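In the two complexes that follow, chain A is the common piece, with chain B as its partner first and chain C second.
What follows is the complex of A and B.
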């Protein structure tokens, strides 16, 4: 078989890939290029395709607590880190036992439960927004991080459970049975055998929760209005309304905001992709 | 007592089975508890509110029952038709292009070559970054005075004068779809890539030996194997697009003159802009009913999947 033969489909494929790459990457490059321009240099027509006098002034301003903008931005950054981390830890703690049960046990209602879990994906965020807003107001949680953590936790759960179940399905039940025969309790078998084996799944799920919480906008927009409490996506919008013409600053902020999630994602790409596609392709 | 993987049907009734398995429920209880509070209750409450006129103060004790008035208001409003049409255009085209680009990328990336992992990683970045950041990046690219896209198109001689996309009634929705596709074609790509792993090599080779060309191999061998993944991917994309809020909201706020307003931005505007929770709830219920119809097919596609992997 001549795998190396170049057919016109190959040529067509490569051309397609080049175009796709341009489409996918140029906007990101343009964000980066703009962020190294001065505010004055950015507002030129026609725009310079690379910064003639590259400057890091925007990054310095955003990341130094010496000035108002930096203090505000670091505050948003810290809020985002806090909300995302707490959401991730709680989410994994709740999803692990549930996913294990869905994968292993055959209790009545298991299927119905599982699809009610998946069903949540079908509902538009706004259906929840108004009742949750009223509920948060009633519980005095408006303007607190808890309101976001509770919401993100719940909305992340269905997919987390679905991802983790896929991993548990792949771990042979015989391993646990052997451990049970050797005298482990069911919980010990779960804790000592299944947990370590599903570590990649747990990591992937955790990353997924973190990225979702980090990028979430609608609930943060609605539940928070205290300037000190905002997370990055809403903070970015606040920045835009305040400094409307400072595009380099906005691009620098967008870049800083993207770095953690892109880095996490690229390092753990393999697990993540596997987790995301696990359920869908098993045939 | 409960045992893992019992295959024989229990001789006891439902209640008996539930009692048998009572400890199993303990594992799902935390998840269920949170979801009852944050998912089940709000769904019920949205239905309930859709029959009331709510005061702008949101003091819910002062709401007034008004039957189906809110539904009549929504369906009879001047903008409803246009917003619905925008929603259809937005959802269908976004899904279509994300799927086509994702499928193409997956097919090309499915063969081994140097730097494949790097390419896949690069193509996935738009999918992971925040939609808010993405919206601002594209707003800057589209900028009518200083945008790079306008400058490039002008240099190429494709336009004369300024490029006006986001303030142009005819161009705004297609421009937003370009951003949305940019953000979500990678998702289709990885789903389909994973699906391609399940296509047996022997079958492709056999077809090759039999003299089937690349297109025939794709059409008769690869595509039938991808069917399940494609169905799920389309449904997930469709639902995601129907619910998408951030890109239109940040980039245009639904404007100009409602040309990029879709159901979801409209509902948000009614609820938190005009503080009309009753009307917005009725609107949500309509959207919800559409979702239920789609959800029916979604669950059906997924259960089909589940049956195939039956023990």
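What follows is the complex of A and C.
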């Protein structure tokens, strides 16, 4: 047994972390509890701490394609999945070779290009809202999924490349050299040796792209106006202002929306943490 | 196994010339050490053979076949890296089998060869472990196994022992030498450690500043260093070097410096006459100098700087004409710092170099 002394600072640390946990978990918990209440019970004052007559009515309604509300919700869900997945796949497909090139090759303008990749992060995303909207209109992309995918890639790629470069920097170049001597082409050396070693980084990058795209609201609100094309964050908001305020419904929908993100993060969090620290040590 | 031939090999990075017109031939089955201080171009040279770098000029032939423009995978060479470069996500078995798998060797044959290599290197019990679970010496063996499993034409080794601790290094050095003798393999071995090169190699290629300084057997490199650099680099402690002027006094030839002069024997006098000017550099190994505690004819006066006992031998650091010499002594002798001494040169083992060209002046 490890006999570490429990000091005052340990106790303070624990109390602080517990508060932080409460702060983070309470809204989620309240969301979940409310989603199981009836509409009447949700508006009751003082509120019940737990649903007296729990009902899954809202979930059934949202997830069944039999009714209008369900059809609409599933449509938004599908839109979100589509935009986020395409963003993720394209993001990884570009970030992996880009990060590899930044890490391994010396080419003219390498440094300048690398920092210009980060340059975008100096500005808040809203600053680009109008210019990008005008650009999208000019390209005829308003009200398309592509407008969102392109925008999300623009914002997501810099960090993805930065993250992955940290990974590749930590993989000794001798491994590829050994692979090439052992009979690999340059691409095989990358594909068979380097890629598997950078899997944690690729996974982290993918999660990051997916979550950013999944949660994004402002650009989706601005670029899309066709009701059939809305993504979940925008869809939800419109949805419930239209049908009066159905709190349990809104909470159920929000909960469904957060499931993929939370699940993905829980399963893959160890890779995510490794990716962030890996880059940090080298930088 | 095959002969490796370098013909005026040049490697340039922009305006920097890392390897300057290097030519030499490694015979079939020879163990050649490329040795020199860091940045001398030895690893670059090795990478040129491996195909990890492109030649700027010249040609490299393996077994008569020019390989300049071939991919590393098509050169039929194997390489052991300083950090071993074992694939961390593969087991030892997969590491050993990887070069065969890439060459599409049938599964049965692959397993057989992997097992043979493992047996030869005594790592059979480690086959299912991953590299990070192995000690440095074991990783070293796996790296060696991965190189020899496919029976290449040439083995390239880039400082393979420098990551091991001193004791293991001595042991692996002997094993590597034995391995070379048993397989009769052509080996090109890069090291910065001249002792490693001396003990293991059939021939040494001493490099400095991208130039091949001398290519010969360790004995010859030690006995007849081609220039001042080689003289100072090979041997431990390094050869003592003393700049001098050659003075002809009647028929006698003398070397003289600040506050000392030394009559040269006829053999050395003939060498000294070959110098381009009157400036030469005398070179003497620590073992070719004799220390006297009283003045004697034909000796140079000097003063003890410090004394280093090492057990087997004692090294006396001696101040001579503004330079410090290292002289080995019998450990029984009692010598103190600041004691005046007289140095006698063994003229048959004295080396002379031209101070201008820094080249060796062959004895007459």
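Note that the second predicted complex is superposed on the first by the 266 of 283 C-alpha atoms of A that agree within 3 Å, B and C clash if a C-alpha of one lies under 4 Å from a C-alpha of the other, contacts with A are read in each partner's own complex, and residues count from 1 in each chain.
We take it that a contact is a pair of C-beta atoms (placed from the backbone, for glycine too) under 8 Å apart; a residue touches a chain by one contact, two chains touch by 3 or more.
All of these numbers come straight from a predicted model, not from anything done at the bench.
Shared-chain residue A:77: touches no atom of chain B or chain C. When the two complexes are overlaid on their common chain A, residue A:211 makes contact with chain B while staying clear of chain C.
Looking at the superposition, the partner that touches the larger set of chain A residues, chain B or chain C, turns out to be B.
Contact with chain B, but none with chain C, is seen for A:101 once the two complexes are overlaid on the shared chain. In the superposed model, A:232 lies in contact with chain B only, and not with chain C. In the superposed pair of complexes, A:172 makes contact with chain C only, with no contact to chain B.
With both structures placed on the common chain, the touch criterion links A:196 to chain C but leaves chain B unconnected. Touch criterion met: A:250 reaches chain B, while chain C stays clear of it. Touch criterion met: A:27 reaches chain B, while chain C stays clear of it. When the two complexes are superposed on chain A, the residues of chain A that touch both chain B and chain C are 177. Taken in their complex, chain B has these residues touching chain A: 2, 4-6, 14, 17-18, 21, 24-28, 30-32, 34-35, 37-39, 41-43, 45-46, 49, 58, 60, 101, 104-105, 107-109, 117, 119-126, 128-134, 136-138, 140-141, 143, 145-148, 151, 154-155, 182, 186, 190-191, 193-195, 197-198, 205, 208, 214-215, 228-229, 232-233, 236, 239, 242-243, 245-246, 250, 264, 267-268, 271-272, 277, 280-281, 284, 287-288, 291-292, 294-295, 298-299, 302-303, 305, 308-309.
Chain contact summary for the complex, chain A toward chain B: residues 1, 7, 9, 13-14, 16-17, 20-21, 23-25, 27-28, 30-31, 34, 42-47, 49, 93-95, 97-98, 100-102, 104-109, 113, 115-132, 134-135, 137, 150-151, 153-155, 157-158, 161, 173, 176-177, 211, 214-215, 217-218, 222, 232-234, 236-237, 240, 247, 250-251, 254, 257-258, 261-262, 265-266, 269, 273-274, 276-278, 280-283. Those residues of chain C that touch chain A in the shared complex are 50-52, 71-73, 75, 77-79, 81-83, 85, 87-89, 98-99, 102-103, 146.
Here chain A touches chain C in the complex through residues 172, 174-175, 177-185, 188, 193, 196-197, going by the rule given at the top.
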